[in-house]
Structures are given as C-alpha cells and as structure tokens.
Amino acid sequence: MALIKIEEDLCKGCGLCVTVCAREAIAMGEKINNKGFNIVELVDPEECNGCTLCAVMCPDIVISVYK
Amino acid sequence: MKQVFGKPKSLTENPFTYCPGCSHGIGHRLVAETLDELGIVENCVAVSTIGCSVRCWRNFDVDVVQGAHGRGMAVATGLKRALPDEVIFTYQGDGDLAAIGMAETMHAAARGEAITVVFINNSLFGATGGQLAPTTLAGQWTSTYPNGRDVDWTGEPIRMAEILASLPSTSYIAREALTSPKRILQAKKAVRKAFDVQINHNGFGLVELLAACPINLKLKPVDAVKWVEDKMIPYYPLGEIKNTKGVG
Amino acid sequence: MEKTMMKGNEAIGEAALRAGCRYYFGYPITPQNELLEHMANNLPKHDGVFLQSESELAGASMLYGVAATGKRVMTSSSSPGISLMQETISYLASAELPALIVNITRGGPGLGRITPAQSDYFQAVKGGGHGDYNLIVFAPASVQEMMDLTMLAFELGDKYRTPTMILGDGIIGQMMESVTLAEPVEIKQKKPWTVGRRKDRDYRNLVISAPFTNEEMVELNVRLQEKYREIEANEQRVECYRMDDAEFAIVAFGIVSRLSLAAVDSMRNKGYRVGLIRPITLWPFPEKAFASYPQVKGYLTVEMNEGQMVEDVRLAVNGAVPVHFYGRGGGFTPAPKQIEEKVAGIMEGGDLA
Amino acid sequence: MLREYNIAGFGGQGILYLGQVLAYAGLLSGKQTTWIPSYGPEMRGGTANCMVVISDDKVRSPLVYNPNVALIFNKPSLEKFGADIMPNGKALLLSDLIDGELDRDDIEIFKIPAKTIAEEMGSAMSANMVMLGALLTIDPVFDYSQIEAAVKKVTPSHRQHLIEINLNAVKKGIEYAEQMINGGYKEQEG
Amino acid sequence: MEKTMMKGNEAIGEAALRAGCRYYFGYPITPQNELLEHMANNLPKHDGVFLQSESELAGASMLYGVAATGKRVMTSSSSPGISLMQETISYLASAELPALIVNITRGGPGLGRITPAQSDYFQAVKGGGHGDYNLIVFAPASVQEMMDLTMLAFELGDKYRTPTMILGDGIIGQMMESVTLAEPVEIKQKKPWTVGRRKDRDYRNLVISAPFTNEEMVELNVRLQEKYREIEANEQRVECYRMDDAEFAIVAFGIVSRLSLAAVDSMRNKGYRVGLIRPITLWPFPEKAFASYPQVKGYLTVEMNEGQMVEDVRLAVNGAVPVHFYGRGGGFTPAPKQIEEKVAGIMEGGDLA
Amino acid sequence: MKQVFGKPKSLTENPFTYCPGCSHGIGHRLVAETLDELGIVENCVAVSTIGCSVRCWRNFDVDVVQGAHGRGMAVATGLKRALPDEVIFTYQGDGDLAAIGMAETMHAAARGEAITVVFINNSLFGATGGQLAPTTLAGQWTSTYPNGRDVDWTGEPIRMAEILASLPSTSYIAREALTSPKRILQAKKAVRKAFDVQINHNGFGLVELLAACPINLKLKPVDAVKWVEDKMIPYYPLGEIKNTKGVG
Amino acid sequence: MLREYNIAGFGGQGILYLGQVLAYAGLLSGKQTTWIPSYGPEMRGGTANCMVVISDDKVRSPLVYNPNVALIFNKPSLEKFGADIMPNGKALLLSDLIDGELDRDDIEIFKIPAKTIAEEMGSAMSANMVMLGALLTIDPVFDYSQIEAAVKKVTPSHRQHLIEINLNAVKKGIEYAEQMINGGYKEQEG
Amino acid sequence: MALIKIEEDLCKGCGLCVTVCAREAIAMGEKINNKGFNIVELVDPEECNGCTLCAVMCPDIVISVYK
C-alpha cells in the first residue's frame, strides 16, 4: 500500500514528476492552483507503488510519499 | 503508513520562488537532506551568492551570509578561518563561480580551504536573463550571443571541476546531473561526500550539479531537462573526479 | 604604560592586536607593507589568522565573512587597492558589519606613485562605493593617534555596527615616533546578530545586504540614516589649536595638520592671530566646531590634494566667511613656510571678509 | 630643546639605522622624537635619507626642511641637501666619498673619513656608527650611555652580534672627533 | 530624422552606434541588460566588437585597452558593477583616455534591489576611485536625452581626452518614449597620442598612469586640473524651467526632474511662483545657473537618495538662501504630489529666508 | 670583426633599473631579440603590468599601455580586438598574473585571445618587498610568511602554465628558466614561438620564465640563480607543455 | 490631450505588449508618448503592469499615479490599483478573472469577458487585444487604423503571423464594447 | 680572434657572467663604477673565444661580443 500527497499550492505544473512515473499514476490535470499553475494530479492511486521517483524529481517538494 | 519521502527539516517554510522546472529546487533539497543527515543545522553557516539563488537564505534553515557576486568562496574563507568548528558551505551558480568569481574560486581551491561548494551549473546566467556564461556550450543560444556561442570569439566552455581537481590542495571534486531520479540520488551522494570531506578531513569539497534553466533555455521544463542530459553531459562528464581522502 | 618608537603603520597593527583584532586579510601594496608584515609577524603569536589574500577584492570579502561572525577584523591597503574594495565596502555598510579598513593613501590618480597624498578624502567620506552609506573615517596626525584612533575605530565600529576607516598617508605610515602603547582591551560588546553556532538562541541570523522586498530596502536606508545622524551627533572629533582669539584659521587633517601647526606657531611669533582646526574624524565631519569661532574672518584649507575637504569646510561655514584652498595632488607636500606665505598673503591682502 | 637632523647617502650605508639609533636615544632621554625615511620606489638601492627630530615638546613637522645638523654620506646628497642646512648649523661629511666642497660659511663643516676609520677597525659596514660617534662629540646632545642603550634597542635579534662592533665604531668616531676638534677646526678643513 | 519609440537603455546603445562606437565590453546586471543586449544584437552588423567580459573589472580593462587606441568604446553596468570599476576609472582619468561608462543606478547600498535610485551621485561626481580626477557626468531626463547626451559624451570625451559617464536610473533606462534618432556622425578628432601601427610618426606613444618621476606625477595633476577648470568653464549644462520670476526653486536631475516638472506645473496653476533648475551635467555642476536667479528665496533639492547633489547646490548657493532636501534612498520615487506638498510646506511655513 | 652579440634594436637607450642579478633584464632582452627578428617593432603594442617591470615602457621601444595590477590580459584583449593586425604582448610577473590577475588570466586564455604573454615567475612579489605569491614554493621564506610557506595554511603553489594548457582554447604554452646560457637560449626559442603562434595562427601563446629575484630571496645573484635551478625547476618542470598549432 | 493609462495583470497576459501598442499608436498619431513597465526581480512571472502616457506636450511624469483609464486583468491588480483611478476616469476589467467589484461611483466601470471572447475566437492568448479593442470604443482616442499600424510596428519579426489574429481580436473587442454600450451600461454592470 | 666589450657604466657587479665563462677570461675586478658597483673585467683577453655565454647570461646587456 502506498500513497502520495500533493501539496497543491506549491505545484508549478512543470510536469517533471509525470515523466518519471513509470506506472502513469500521476498526470497533469485541469486544476489551476491559486498561483495560476495547472497542477499535477494523482490519477490512478491504485497504480502508485510509492517508489518516490516523482518526489525525487520534483523541484518544489510538492509530493510526499507514504508507505 | 510511514512517510518515505518528505520535505527535509533543514528547509524553512518558505516555498521556492524559482521558475517551474528549475533545478535550483532540487539542489536546495539535496543540500538540506544532507544537513538533516549530518544533524548540523545548528552549526552550519551557508554563503548565499548572487544569482537566482541569491535568496536561498529564505529556504535553508541555517545562518546565512550573503556575499558579493563571485566572492562566495572568499567570504567562506573568512567564515571558516573564524569558525573552524562550524560547517561552511557556499551555494553558487556558474556565472558567479566561474565568470566574475574565477579568481576567488581558484584561490580558495588552491589554498584547500576546508569548505564545501555546491556549484549549480545551468550553462548560463539565469538571474539576469540568459546571458553567456563561461560554461555555455558551443553554439548555444544566449541573450548576448543570439547566434549561438562562437568559440572562436568567446572560447570553448570552461570545465571548472576538472581545473579545480588539478589543483594539488583540493580534496573532493565531483560532477553530477539533476536530470533524472537516478542521477539525483547519485548527486545526493556526491553532495554528502563534499560535506564529509570538510567535516572529517578538513578538506575542500566541491560538487558541480548540471542543472536546467527552462526559462532561459526557452524550453519546456521536460525538454530543458532533456537538453541538459543530451547536450551538457557529453561535454561535462559525470562522476567523481577527485577524492584524495577517500570519502565515501 | 610602555613608551617606545614605532612606525605609524606598525602602530595601527599593534593597536589592532591590543584591541583584540585577531583576523587580518590583505594584499601587499606600498606604502603600507609594514602593517601587513606586522600582522604577519604577530598574529600567529596570538593564535590569530593572518592570510595574504589573492587580491584586495578577495581580502575584503574574507573580511566581510569574519565580520559576519562578530569578531574584530581588519584589512589595509593603499589607494588603488582601496578602490577595488568599494563594492564590498558598500556591502559591509549595507549589512551593518563592523570592520576596519586602513587606507595609507598614495599619489594618484591611476597607478600613481607612492608619494604621500590625501586625495582619497572624497572616496572615504562621500562613499566611493554605490548607494547611500558612510564609514566612520579617522585621520590620525601622529603615530600615537595611529594607535589610539585604531583602538577607537574598533570600539565605535562595534558600537554602531558600521565599517570604519583609518585614512593616513605615506608620511604618517612610514615615520617613526615616540608612542605610548595602548592597554589591551577586553571586548565588551554583545553581538546577538552574528552567525555561528546556534545554541543559545532560537532564531537564525542572516547577514544580507538585499532584503526580500522593496519596502524593506527603503526601511534599511531609513535605519542606516538614523544611525548616521546619531553618529554625527555623538562622534565628531576635532582639535582646535590657538583658536580662541584667532582671526584666521587653517583647516588641515593628518600630516598636513602637523605642518600647519609649525606654520601657526611661527606666525603667532610674528604676531598673526592664526589658529588651526584639525578634523580628527573626517566623517562625521566636525562641523560643529566651526560655529564656536564666530570671530574668525576667513579660513584656509590645506590639503595634499586638489581640494576635497575644503568642500566640507565650505558646507560647515555656509558662506559666512571666505574659505580658501591651498594644495596639490599627486605627491606634493606643503612646507610650513609655504603655508605661512599663503596665510600671510590672504590676511594681508585683506581678503578676509 | 629642538634638534632637526637630515642624514643622507647611498642605500646600504646604514643611513636609516643611524637615524633610528639617534631617534631612540632621544626617546630614552625622555624627549619627543620622530624619524622618517625618504621612502621611495627605489627599494633597489640608490639614494637613501632620513630625517630625525628630537624635541622637548610635541614635534610639529617630522619633515625637516632646514636641519640643525646634517650627516652627509656621499656627493649627490651633499649637492641635494647642502644648501638647506640651517644657518649656524653643522654638517658632518663622510670625507672618504665626498671630494667636493660645501660652499657655506654660515655653518660649521666637519669632514670625517669614517669609511677609512671603519675599515681600519676591520668593519667597513660600520662607517655610519663612526659618524654617529663623531656627532656625539660635535653636537653633544646625548652621552655615550644613551647611544649604547639605543643601539641595543634598535638592533634586531638576529643581529645582536653586531652590537659590540657598532659600539666600538661609535667610540672610534667619538675619539676621532675629539682629536679633530682639539687639533683645530682649520686643519681639518684644509 | 526618424522618430520612433525606444527604451532609454536601447537609446544609449543606438546613440553609441550612431556616434561611431564599435567596441562594447560589459557584464550583465539589471536594470541595464537591454543596453548590453542592444549592443550584442547590433555591433556585429557594424563589424564591431561586442564582448561579454568575465566581470566588470575585466570589462573596464578591456575598455581601457581599446581607449588607448583612440577608438570609441563604452561599457555599462549598474551600481555594484560600477563600484568594481573604480580603480580602472581612476586609471582612465590618469592616462587621459576617453571612454564612456554608463551607470543605470539601482537601489543600494550593498546588493540592494533593482529599484530606481540616484544614490551613486557622489561616486560619479566626487570620484569613487582614488586620486583627484573627474568624469564628465551627464544626467539624461528623457529617452531623447539618453540618445543626445550619449552622442555628446563621446564628443566631449574625445575633445578633452577624458572618461565620461551617463548616470541614469532604472526608470529612465526601462521606460520607452518617443524619440528622434540622432544622425550618425563622422569622427573628427585627430588623435596623435594613440597606440597602434607606427608608420607616420617618429615617436612612440605611451599610455601610462604613473610617470617616471615624482615631479611628473605632480605635473600630471596640474595638467588634469587645468583641463578640469576648462571643462567647468565651457561645459556646464542646465535646464531652467519657469525660473524667471520664481521665488522658490526645485533642483532635481534625471527622472526626478520630470516628476518635479509635474509638480511645478501643478503649483503654478495654483499660483505658487515655483521654478525648476535641472542640472544636465552633474560634473561640471552648473553652479553658474544659480547666480542668474537672485530673486529666488529658497531651494528644495529632490533626489532619489539620502541627500547628495544637495551638497553641490549648497556649495553653489553658498549660504545666500536656505537649501532644503527631500529624498530617500534604496528605491523610493517621490510622487509629484509629495514634492508639491514639500514645496508648499516650505513656502507657506515662511521658511524661505 | 663582426659583432656576434649586442643589444637588440628593439630596446631603448634607457638602462634597466632592476637589481643586480635580476632576471627581468634577461626577459626583456629575449623579448626584444624576438621583436628584432620578427621586425615588428612598429606594429607591436606591449602591455606593461604592475610589478618590478611596471616601467618596462622605458625599455621596450614599442608603443606601450600600462594596465592596472593583474588586468594585463584584459587590456591586451581590448587592444587585440581593436587592432587585430598588430602584435600584442603582455609582460607580467607571477603576482600580477596569478594572484590578483587570476580571473583575467584564466578568461583571456579560455577565450583563446590572440596575444602573447611573457610570464616572469620569480616565486614572489618583487616590487613590494618579497611577499608570498601563488607560486612561492612550500617552505620558502617570504616577508608575509617569515617561517616559510606552510601549505596547510596557504595551499600548494599553483602551476599556471599547466592549468592554462588544460584550457581547450590556448595554443602554445611553455615553461623555461633563465638560469644558464643554455636555458636562456632555449627560453628564447619559446618566446619566439609564443609570438609566432599569435602572428601565424591567431593563437594564445604564453611562455613562463623561471626567474631570480636575488634581493628578496636574500641571496647573492649567483646563489639566487642556483636556487631557481635547484628548487624551482623540480616543482615547475621545463619544456613545451602545449603546442596545438605545431609552431616551431 | 493628455491620457494616462495603467494596465495591470499577471505576467503572461500580454500586458506589456498591449501597453506598447497603445504607446505606438500615440506616436503614430503625432503625440508624445511614454511607456514604462513596473520592472522588478519578478522575471519569473507573477504580476506585471505598465503605465502609458499620451500627450500633446512633452510628457512630464512617465509614472502614472492616477490614471485616466485603467485596464485591469486580474483581482490582485484591481485591489492594488482600483482606488487610484482618477475621478471621472474609466476602468476596464477583464471580467473572466475578476469576480470582485470595484466600489467606486465616481468612475465608469466596464466589464469585458475578454478571455471568453478570445477563446471563442480560438486564440486564448489574445484577450489583451480584445481589451484594447474595447478601449478603442470606450475611450476613442485612436481609430482602428492607428492601432493596426501600431500592432504591425510592435510585433517582432518572428511573430508576424500573429498580427492578423491580434487584429481580429481588436475588432472583436470593438464590437463587444459597442454592443455593450449600446446595450446600456446598467445591464453590463449587473 | 674574439673580443668582448664591457659597458662599464651598466655593470651591476652581479657576477653571473663570471660563473658561465668556462675559460676564466673574465673576473670581478677592483674597479667601482659611478653607480658604486664593483664591476667585471676582462682579465685574460687571450682566453676569450667569443662564445657569448657571458653576454647571454648578463641581465644588463653589459657585454657585447665581436669575432
């Protein structure tokens, strides 16, 4: 069981996390945060195995991972 | 459930103010993780230098001294000589460290100052809008050489890590890239060693981190990172260049 | 208290040691190498740090680093080297760091020559660096003052959290003179703002010269100016010699004041009612002193430059009486006799009012 | 008391050291003193001179324009400074190296073959101390013991072995000058 | 003549090209990067040399090298970068080399912020570097003047063999304004003193800032001062607005003069007899202008700093009437309304005489 | 009889003002001989820098520009960019070139400026009285480190020629010594090549000449020269370090 | 004539470009003009605003403290600048992004859903040009041809393909505003 | 036949030339020039073969050589 938490206010929508998630658990969504950025979303929680790759890649420490 | 990844304690509450996809954030995190691991947040002084990261004092939860542009290692020299028991590190961009700061960089390294240098090489001056840096690749667009860097006019880019490694008094020199999770984890180890060599061997440690500046490369973040991977790494080979004290 | 002879340059170094300064960074340049070498010879004996920097630029930044820790620190150079420090000096002022900078001025502009000069007055007092800031600037006129004012510079630098400067010249730096050694001091100032081990405090210290917002930058300027006003109110220092009944006064600082003293004595012997006002602090300029002598009908400012302090004298006098100038840059030293002739010329020419 | 000295010659003749000994003697006898070299870019030899002032009061100008006493060690210095000596002042010339004359009849002129004297002692480097000794006799502001103390003070630790040699040279200078004065001024001038 | 819109920074660059300047060396710094980039984009088209230097220090020395060949050359920077050039600027003055240095000032001291400021006035006019020297310093108040005064700076620099400076600020540098392009000039000055191919001359040329003897160094200073006196006599430039019947005057330069113009107009509408004296050359300071308006009963100097030009105003007025100051450093811009209030306060407070 | 050795024409009448036994005179002569050979005295500009040789403009019979301390190569860069058809050389001491001038040196070399650098390494600051230089040997006495250079405190001496050779854009780099007639003749060849590479290949050429400063070594001239031979050469190996254009 | 404008919004909304077009239109119609961005270290996005002055005479202050007309593109800008608009002035609000109200009854307020209009055109980036068009109608200082010439002038060579799109957006803005005004002010306010 | 010429006024008496003359044709003499330096002398003209080594070594271009 794994879970990621996305700190939406911090996301800048750069998309780097998405490119490194081999399991396509996350994706850029439609949502826009209060800074005007199009933010990332956990689209397939089932698929997430908590590998932390997305979090490691994120420049803004948006993602925290729980296992 | 246990948290397996989160924000390092050595960072303050302030969010990063960098552009989307800017590697500075990763650089900051790796340093902060190292400070956490070493438990040195209360006996560490950071030197912030002039570049996009000039206000990294808003993020690192340590005492910070902001030096003049290019003089980071001279400031760190003063700090270390006055506070030999504290851990001193500088966080510097390639313009700061290799252009205006060349003399201070070379001489601090030549003296073998017991400091740690985190060197963010993004191949250009980020803060001022994408001008040529000593590290800019041949042919690369910059706002001051819009037809690309002509090496006949401005010379070949400078590989600082190798030059510094050639100075007898430096102890640990490595270059890594912030382009993929794997490389980032590798970079983290190098950052750690650059601190270890100061703490355990009173040595000069430097880690150069190849970084993406999407804004000034005029690329989407994902493409900017790919550019670093594809263009920069071939000219700036990764790995440990020097490790005279065998930290590891 | 021990009495000995020393060069002015050495006296600064010796005073720094006695003031508890244990950090020196500098780059060789004539005519101040004795100071550099005094520190090189003596700091190691006190477990201090003497580091010859790769340049004045680097040396100033090393100084900045130590200053951030609150420890007493100094550098020294001569004119071209001081010009190279201007950016960092502005940083020191902005970050409110105490540190002592010594300028044993030589004849300029450019590379110039190592002859004595006072041509860096403007640079020292009006801010050679960018932005609105001031240094407390001292102008010793004897080896004793090289010592005493160095001690004071460290004291006031700490008190006001501001960089300080000793402005000397080649003569005062190279000459030996009998001097009473100052007593070593214990440093009293508490410095809660310094970087270093964070044990007994629950806050971080940041030494920065660019706050986060534009508003804070303006506030920094307000704070600096308030401090400068306080210094102006408290720290003007001046020597007035035979001024009480003077109808004419020479104004001169540093070595020129010594030459002027000789001129004053000689003229007094001849019956001229002449006195001397000698600014000891160049900034804050001792303007108050001028108000004390309303009977003075004219001033002659004598400088080893092309006319710099004379502007501050004119500002102090504000048009009340004429202020004349005598001097020359690039290495000229006015002989007492020449000064005397100038004064006599003005006084006899009736050019006083 | 106020005495202003100018001491001038080639680099390497111990001009600055002599001036320092004099200044220290002043200090040790409770006076105010200044010493100042003509510093210049000529660290590579060439000319050297220094000015010394010894005074009961605070010294005004450390720069000496018209010395009471001039110690002149070579001909260029004689030409440069000879005319400046204060009327009624004294000039001590190192006669081995100065063949010219100083055309002043308002001062007293003493010619000291200090180099020869020093060489006779087997210490060619000590001509400066011979001149100092002569000065002690000619213008007796200090006594020998004060000079002895000053020499000890001024000589750096790695040169302590020179103290005795130097003091002997001072004594030779005293003797020579005493003889000279006793033997009559005129004769020396001839 | 073509009319267009441009940024002030670009106008300087465009003027330099039209003045025949084909050499630019510089290091990026906000708020003047448009100028650097204008030269980067355009010099290659004119077979000119654009070289981004490794620092301001190196850039200034490259400039010095080109200046020695007599070719028109320039650099530009902002406050901290200009501080770094002070040693070389002193060398330029000493070696009597014409070269243009542009300072688009930012809020200081220290790193400061890129907000507009006029806090480098002293540095520019009193000599931030060592020794006695002056630059001819221009203070444009419009984009048109950015262009015209740049042309003039090259002209006068060559005429007097002296370095020149454009002192602007972030507002004037960043704003666009309608501007009439200057006609390209042909360079007229003969320069027999330049280094290079030695064919038609039987003498060597030496560009040095330290003559061989002390006497020559003093003579150099005499020569420089004579030149400066000549410049003071010939080159004072000033704009006087509604001064003829003014009983009170504002003194302001650069962008502040524009804000002050607005204040003057508004106050004139309300019946206040207010005028404006705007120095166009900061050195030589247009002191003569002040003598032309004996009816003025008081001045208010307005600056985006903590009070710098006000000293030159006081020196010019020499105590005849009160000279007030309004300003603030670190990025503050006085609004016309604020200026108006200040003036009204003084005039109504009867604080005029 | 024919003169087989005499004063080069490219020197003025002024005698050298250096101390007895100072190698600067030999350095001057080698440069002047080269100017004679190349016949370039009328299209050559020298850059004099700050050190004992600051007034070499009194000796070289060419146009001379005197730069600020350490900035010689930046001045030369300006000159060469403005006068691409003239021959530009700098004459610099080790303090000037490697201490305060480090950044300008590194960057001019990194740009591959088409200039010639004559670099007189006498292991100390001569002009100011024998202080530590970046080139001072370990243990060597200087007036600022009277107990000898402690490399733990000030670092190991810097070998500039090797560092500059490692920059891709430099063309010719050699080190020779002025300690014997044989070596001097060898040095002469290197000086010539350092000019040839500029003239024929638009390249950056530098020749480092190990030199004696008897005054500040506090040795008799003969012993000072021997000291250079015995102590300096082992740390600063002689010979051609780089010759990418094959000048010869 | 004297017109002072303040144009404010997010970075990326084409604020500075809009201001430049306006200023150029002024230039082309023979006026004196200034344009000034609020330059700041915020090159990384965030807020953007610029001030434009168009005048028959020499422009005094290029800084606009109390604009005759404000074009406001987001809520933070409304909060920051809304109170400064000159009495009897005009405010054009990008109503798609501004849900708040401007509580002023001494000025005229126009709400333009420029983003929606631009998106309908298939060119979301052209909302700024829609606002410009609306301005042309609401405060008719320039006519369309002047704006057309200005757009052509200001658009950099590598963006020439955008000219047509932009001009279309201007026209849409003109139309919308005409309709709005004809349809009555009250209604739009509701 | 070879000859060397010594420009006496220029000699600074450093002695470097002497050390390189294998034929001992030159030596430091007694003479002092007008700058106070003890100058070099050609003591054995017969021995001089004009090899120029002394001249090459001399820092002050005191010696010229003729053959």
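Letters A, B, C, D, E, F, G and H mark the chains as written, and numbering starts fresh at 1 in each.
The definition used in the following text is that a residue touches a chain if its C-beta (ideal position, glycine included) is under 8 Å from a C-beta of that chain, and two chains touch if they have at least 3 such contacts.
Quick caveat, the model's predicted, so the values are computed rather than measured.
Novice: Show which chains lie in contact with subunit E and also with subunit F.
Specialist: Both-contact set = B, C.
Novice: Measuring between mean CA coordinates, which chain is farthest from subunit H?
Specialist: For subunit H, the chain whose C-alpha mean is farthest off is G.
Novice: Quick one: subunit D and subunit H, Cα centre-to-centre, how many Å?
Specialist: Spacing between the chain centres: roughly 37 Å.
Novice: Measuring centre to centre with CA averages, how many angstrom lie between subunit C and subunit F?
Specialist: 38
Novice: Centre to centre, by mean C-alpha position, how many angstrom separate subunit A and subunit C?
Specialist: Taking the mean C-alpha position of each chain, the two centres sit 60 Å apart.
Novice: Mind pulling the residue numbers of subunit D that touch at least two other chains?
Specialist: 40, 45 - these are the residues of subunit D that touch more than one other chain.
Novice: Multi-chain contacts in subunit B: which residues touch at least two other chains?
Specialist: 18-19, 54, 66, 68, 99-100, 102-103, 107, 129, 134, 153-154
Novice: Using the touch rule from the top of the page, what residues of subunit E touch 2 or more other chains?
Specialist: 30, 51, 54-55, 57, 80, 87, 91, 95, 111, 113, 208-210, 214
Novice: How about subunit C: which of its residues touch subunit F in the complex?
Specialist: These residues of subunit C touch subunit F: 27-30, 33, 36-37, 40-41, 44, 50-52, 54-57, 80, 111.
Novice: Considering only the defined contacts, which subunit C positions touch subunit D in the complex?
Specialist: Per the touch definition, subunit C meets subunit D at residues 3-5, 30-31, 113-114, 143, 170-171, 174-178, 255, 258-259, 261-262, 265, 333, 335-337.
Novice: Any idea which subunit G residues touch subunit E in the complex?
Specialist: Those in contact with subunit E are residues 20, 23-24, 26-27, 31-37, 39-41, 59-63, 65.
Novice: Across the complex, what residues on subunit F touch subunit H?
Specialist: Residues 1-7, 11, 15-16, 18-26, 29, 180-181, 184-185, 214, 220-222, 225 of subunit F touch subunit H in their complex.
Novice: Can you name the residues of subunit B that touch subunit E in the complex?
Specialist: Per the touch definition, subunit B meets subunit E at residues 50, 54, 66, 68-70, 95, 99-100, 102, 125, 127-129, 131-132, 134, 143-147, 153-154.
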